[in-house]
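Letters A, B, C, D, E and F name the chains as they come in the text, with residue numbers starting at 1 for each one.
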Amino acid sequence: MIRMSEKSTIPFGPQHPVLPEPIHLKLVVEDEKVVEAYPAFGFVHRGLELLVKKKDFNQMVYVVDHICGICSAMHGQSYCQAVEELIGVEVPERAKYLRVIWAEIHRIHSHLLWFGLLADAFGFENLFMLSWRIREKIMDILEATAGNRVIISVNIVGGVRRDIDNEQAKWVLNELKEVEESLKELDKIVRNNYTIKQRTVGVGVLSKDEAYKLGAVGPTLRGSGVPIDMRTTGYAAYKDLDFEPIVEKDGDTYARTIVRVKEMFQSIDLVRQAISKLPEGELNVKVKPNLPAGEVISRVEQPRGEVFYYIKSTGGKYLDRLRVRTPTFANLASLLHMLPGSSLADVPVLVLTIDPCISCTER
Amino acid sequence: MQSNLLLLSIIFPIIAGIIVLFLKQSSIRKAFIATSLGVIVLLSLIMLATLKVPDIFNFPAYYNGMDLAIKIGDFALLFYVLYISFKIKEWRATFFAVLQLVPLIYFEFFMLKEHEVAMFFVDELSIIMNLIISIVGSLIAIYAFGYMDHHEEEKHVSPTKQPRFFAIILVFLGAMNGVVFSNNLMWIYFFWEITTLSSFLLIGHDQTEEAIKNASRALWINMMGGVALLLGIIFIYTNYNTTSLAEVLSIKDATYILLPMFFIAFAAFTKSAQLPFQSWLLGAMVAPTPVSALLHSSTMVKAGIYILLRFSPLFRGTLLSDFIAIYGAFTFVATAFLAVSQSNAKRILAYSTVSNLGLMIASIGLNTSSAIAAAILLLIFHAVSKALLFLCVGTIEQHIGSRDIEDMKGLINRMPVTAAITFIGILTLMAAPFGMLVSKWLIIEVAANQILISIILAIGSALTALYYTRWIGNLLSGTYFSQHSEEHVNPTVGISLYSLTAIAIALSFIVSILYNMLVMPQILTMKMDVVLKAVRGYLYTPAGGFTIYPIFITLGIAIVLSLISIRKSTKVVVKTTPYTAGLNYIEDNGYNVRNYYLTTFANEGTLTRYFNYVSIALIAVILGGALI
Amino acid sequence: MTLNEVVIFIAAVVIAPFIGGFLSGIDRKLTAFIQGRYGPPIWQPFYDVIKLLYKQKLLVNDFQVFSAYMYLLSAILSVGLFALKADLLMILFIMSVGLVFYIAGALSTKSPYSQVGAQRELMQMLAYEPMLIFFVISVYNVTGSFNLAQIMTHGRLILDLPLMFLLLGLVLTIKLKKSPFDLSASEHAHQELVRGILTDYSGPYLALIHIADWYEMILILAMIAILWSQNLVIGALIALATFFMDIVIDNITARMTVKWMLAFSWSISILFTIINIAYIYFRR
Amino acid sequence: MLDMLKNVVSNLTHKPATRKYPFEKREPFERARGHIENDIDKCILCGICQRVCPSNCIQVDRKEGTWSFEPFACIICGACVDACPTKSLTMLREYRPISNDKYVIMQKKEVKNPPEKDKKEGI
Amino acid sequence: MGLKEFIEKSFKKSPWVLHYNCSSCNGCDIEILACMTPLYDMERFGMVNVGNPKHADILVVTGTVNTRNKEILKNIYDQMPDPKVVVAVGVCAATGGVFREAYNVIGGIDKVIPVDVYVPGCPAKPEAIIDGLYKATEILKEKYEKMGKAEEVLK
Amino acid sequence: MITTKEIKLEEIEKEAKYYYENGYRFVTETCLEEEGKFKIIYTFEKDYQMDSFHVFVSPQEEVPSISKIYFAALPVENEIHEMFGIKFKNLVLDFQGLLFLGEYAPISPQASIEIMRRDKGDKNE
């Protein structure tokens, strides 16, 4: 006779080795089955949106780059696109292509990082090591082309700051070839390892309808079979590049893993296309120091999904309001939907299945 | 003289019990009971010292009177059962009472030819049982002084029902002695039925709806066992024309013995609450704790084991014996499984009792000399430790108002003495070097060439460790910042707790002496070769050996080292809070792990159903073994 | 006990942790190489333990101290008795006493991680204790004895008990806390329970537990080694090979869940035991 | 699982991938952003770097003639280097060495005397 | 080598690292994780990422302190047994970096707990982090020596 | 540039239901401060086309939550509650204004109009 009204409560975070970032989940557990999950945030909240009042719109590029280290290139890109639209400048074609190249390399970096963390979450240390080892090549590419390993800060309002010359482009393609080889190995491992499948198949299932209604974005949504990818709206140079959103049907962690693995190949392909089509021209155009009044929404596909930038200006150097809705913020609802009913051992996997980026979420 | 002692050990408690009924003054009553208990213990000790066993004792002067009294008692008892079963509308009990009454009348009046049978048959097994009944029983009764006062205060019982309570307990003690000493099978049957009835009365002592319900369940299941026992006796009589235990045991031609043996085993299963009859024992946990301790863990349920042990030479080496072993092993593992999913301490103990009884039955079924030795050792150690644990739970329950092991978290801070004793009690039940584990070791070694049984035993012993370890962890949890409080132990409660603890540890410590003095002669009595030898804490067979003193020494060293370590570090040690992922630690209502009972693996209800089916099938198999 | 036995006992007890520490050093080094890196020096486990021994004592309650000591001492005793060639089943029981205290010590702190870790360790115990007993029983069925001295006269047990050898390998994986059974205290990589059962053991007491783990590892390896007792060098090599295989398995599997572990280990162990014992009888 | 085994075998038979960092240092990439240095001789104290710096770690005081810089607040974005009209600010490829304390770099512009560098502790 | 030297060497050779992300942008975090990976392999120096303050010797903090994680950081620091060293990785942990003007940011972690080593960089490069951790091991050894003396005084 | 239609406070739930039933995906809500009033823009999406409406909320008013219709609105509404101090009715999971901010953090930091007050801590530390 067990008094089931009294259940275990287990804190998950804020300091927890599985979570690279501090969130707190209060898990109500029955045996090892999670019954309820109450999240608590705010351990990374800094209040960056309000910094628009203190830093002008050019400085803000670097601040939004620091919203998150993993998707920083896309944050900068999205912000710059919004401001550019507000001002009404046309960015040089070369800059658009370069943005695509960096964004896609960043996506590979992010997915590999995520993959390593997922492996870590289900206790596959060697796989973690393997994927991070592959990732170091990507980091080298980023450092060689943009100057920094993680936060590359290449976007500025009006274009990009750095260039990739032909020689470097060749080197990048060469490196990517090696990365692709290793990725193929990784792909095989994911598809054939019995233990990985045991831990991911059927874990955290979101049906197509649920995923859509919960407002999920990115691989979380595409893993459930909804082909929504912001890149198809054709911002930057994506309109000239050939690609299809990657979709898996099952909607479980395994499907999302496969989506991300496939996306890495897709990104390599996109980088190749972009480099082959890279037009000559200026890197950036000068912009006036004052902004016109108006409000703009800009959306960019980050590794984790669609990021939503809303900016509003009433003129002057400073923006009036900056609002960032990051992909993880949109995916939180899905996470909360998936957690109840899972087992305690699957919680890290579930948390990672949406590829959480808490510093994005909390800004 | 000696038969006087035997008679006295049966009659005296019963008479004392009847006298207690009329003692209304609390202090006089207590003094009287305490004196009687002292006499009972003294009697048993004198018998241990003086009785030359095995032997048959006769006391012809009293025989006819006794026999007549018992015959009348048989009918009176059955009619009383009929009466109460009508009163509480428990038709199953009525059914089985009638089912007993009809053969009994037929047997007594038409079949049984009057002939004088020796009164008492005593060997080491009887002495062991008597010691357990007297010493453990007395200690539990002493415990009940303090417990019952508190209990009645809590339940607002007025006027006090204690005379009735203690009377039944004393009568029960006498009846148990009757079961273990009697030579006449019909006497055994009579005393057996008395234990059933007193169990019924004591379970229903509180007169709540639930208590009556459970008491009636206990009644009808045990009445069913009574039917089986009676049938067994009748079958023996029809085939061998005797009701004398000594004669039955010396039967040479065993062709017709197996069917009666099945019935007796069946009776033993019901009494020992084996699957699928475990429900009455679980229900019996509504009774006041001393009752649970006395009847339902340490003595009455052992009557089943006793009777099976008693007759074990008769079915040695038969298929029936093997099937009984499998059945016992199955009960052992199945109820251990059920115990894992419990959080109610009394239920855990109840399941674990059933489980251990199953283990004993398994080893009786194995029926080699070492297995019998293991069964007897288990019987002794289990009785002491289980009684101790029940008493601890009772004390805890009266203090914290709950018998849930979840509520026992941090008990070491609130009730340091009782918690420590409970801890020791659990250790004596599950861990080396204590007797229970030594016996378990012996059984596994004995069973090693019966692969099915040994697989089951291996899993079962791991399960046992699981639920007890969890309990220990709950008892001892706490931090330096927890609220500490002093504990005042009621003197009578204290006496029995301390002495039971001392006995539990001492018995394990002198296991070799115990074995050489009581168990080995019994094996010889049962005409088996002694394989197991014991010298200075080293029990060994040709196949292996278990030595206990090194483990005791290890325990001692660990205690000394940790005391040194704690004392030395009082200055430099940093008292810290448990890790909670960086959040502030809150003592109460903070993060906590509760109810980790694998209910997602093992749902008690469904599991019980399946286990019952399997066990019924196994009993059918045993019957098959008896018929072939 | 003769003087000779005392010497053997002490020698085994003194040498075992050094071998154990050395092996776990090799384990870490090898794991590192498998993962394509250099890893720590071979002596790293000793550095770790010595450092822990001299760290500040940080306690949640007093019982932790006792349980850590008890775990260590019973591991020592079981290794010592193994060296004296005592009863194998008794050695297992003594080992489990320490384990009981170890788990109870972890349960006694109120950290949820420690508690869940302890519960999982109980599950692990549930998974491997029967396996070890099955092993001992099968050995008895071959040699007719539980006494190591007599068992070791048999010579080449592994030929009679090939499946039991595999089971021992499985036990070693669980005991070494390797993936896929790295459930109670994430020894490698991270898991949902921080350090699980070890969470609230710290400083010197953690060191004691590490040393006890070494003893237990040695015990299981020694059990594997006696499968070829004709020449113990070969036995030791077999044990080392098993050890190596466990490290490799650790690196090619993910951690599984408790349910899976119980289902897997019970079904495998019961099946293997029955098949193997049937095989023994069949060969006779 | 066999694919992973292949990986294990290949790792075991090949040299580890580790860069033996403190013992063998890798040449930084050409474009690597390590830390910034100001050549105070070239500096005209225009203050553009102060204005573009997103983390406000550069303080230029024209009156005193000082250029002060908080290396422990600099996010090494390189905006100041891009904006510097005289190229007195340069981005070096090596990262700034670790330290036990935080410090502020204060450089004083004096036309005649050679530039004086001093490190001041604390912020 | 005497026992005393061996113990001291052990403190230098076996630093167990606890990483806590205060409110960093992940840049420094993933670089710390990168230190564990084959290319940097901080386990060469015996460093293990233990995730539990009670086992840790070195606390590596990234990111600024904000109003909510201030307490957490303090708790974690308090639960570490002596001797312990704190390494602040990245400019955010040192001063707050680009975020220091944000409303929810208190500043560098030295406002909450004492810091022994600062590793600059945004994000700090893995090489720099290894440098910082190596330095921390030396400080750890020194602290152990001091702690021994303190214990003697207590006796 | 975006165009939104203005609706009344009471119509929010009805409108949200309309979007829900027509297969729109919830994107986000954005809160602004305009002339002493709060403006909340609700953004939905279908086939990459965004559609928005907005409401004006005066400081004392409570906004009906749409988290029952769109579960995904839950974090956003909690955030707006916290950052601007606007109260929402019928939140599925209410963080009581403690989603992101600590106990000693400034209160409703992104709004210049103060609505909420907490016992501990000041407006600006």
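Going forward, contacts are C-beta pairs under 8 Å (C-beta built on N, C-alpha and C of every residue); 3 or more make two chains touch, one makes a residue touch a chain.
Values in this document were obtained by computation on a predicted structure and should not be read as measured data.
S.K.: Just grab the chain with the largest centre-to-centre distance to chain D, centres being mean Cα coordinates.
M.R.: B
S.K.: With chain centres defined as mean CA positions, report which chain is farthest from chain F.
M.R.: Centroid comparison gives B as the farthest chain from chain F.
S.K.: Have a look at B-E versus C-E and report the one with more C-beta pairs in contact.
M.R.: Taking the two pairs in turn, the one with more contacts turns out to be C-E.
S.K.: Rounded to a whole Å, what is the gap between the Cα centroids of chain B and chain D?
M.R.: 79
S.K.: Taking each chain's centre as the mean position of its Cα atoms, how many Å separate chain C from chain F?
M.R.: A distance of 57 Å separates the two centres.
S.K.: Could you grab the centroid distance between chain B and chain F? Build each centroid from C-alpha atoms only and quote it in angstrom.
M.R.: 67
S.K.: Between chain A and chain C, what is the separation of their C-alpha centroids in Å?
M.R.: Centre-to-centre distance between chain A and chain C: 43 Å.
S.K.: Out of chain A, which residues touch more than one other chain, so two or more?
M.R.: 8-12, 14-17, 32, 42, 45, 47, 50, 55, 62-63, 66, 126-130, 133, 148, 151, 193, 195, 362
S.K.: Find every residue in chain D that makes contact with two or more other chains and list them.
M.R.: Residue numbers touching two or more other chains: 1, 4, 8, 16-18, 20, 54-55, 75-77.
S.K.: Which parts of chain C, given as residue numbers and ranges, touch two or more other chains?
M.R.: Only 32, 34-38, 56-58, 112-113, 116, 190, 194, 199-200, 251-253, 259 qualify.
S.K.: Looking at the whole structure, which two-chain pairs count as touching?
M.R.: The list of touching pairs comes to A-B, A-C, A-D, A-E, A-F, B-C, B-E, C-D, C-E, D-E, E-F.
S.K.: Would you tell me which residues of chain D are touching chain C in their complex?
M.R.: Chain D reaches chain C through residues 1, 4-5, 8, 11-12, 14, 16-18, 20.
S.K.: Per the contact definition, I'd like the list of chain A residues that touch chain B in the complex.
M.R.: Residue positions touching the partner: 1-4, 6-16, 24, 26, 29-33.
S.K.: Going by the contact rule set out above, which residues of chain B touch chain A in the complex?
M.R.: That would be residues 341-344, 347, 404, 406, 580-583, 591-601 of chain B.
S.K.: With touch defined as at the start, can you tell me which chain B residues reach chain C in the complex?
M.R.: Listed in rising order, the residues are 409-410, 412, 430-432, 437, 441, 444-445, 448-449, 451, 454-455, 457-459, 461-463, 465-466, 468-470, 472-474, 476-480, 542-547, 550-551, 554-555, 557-559, 561-562, 565-566, 569, 572-581, 585, 587, 590-593, 596, 601.
S.K.: Quick one: which bits of chain E touch chain F in the complex? Just the residue numbers, please.
M.R.: 66-71, 103-104
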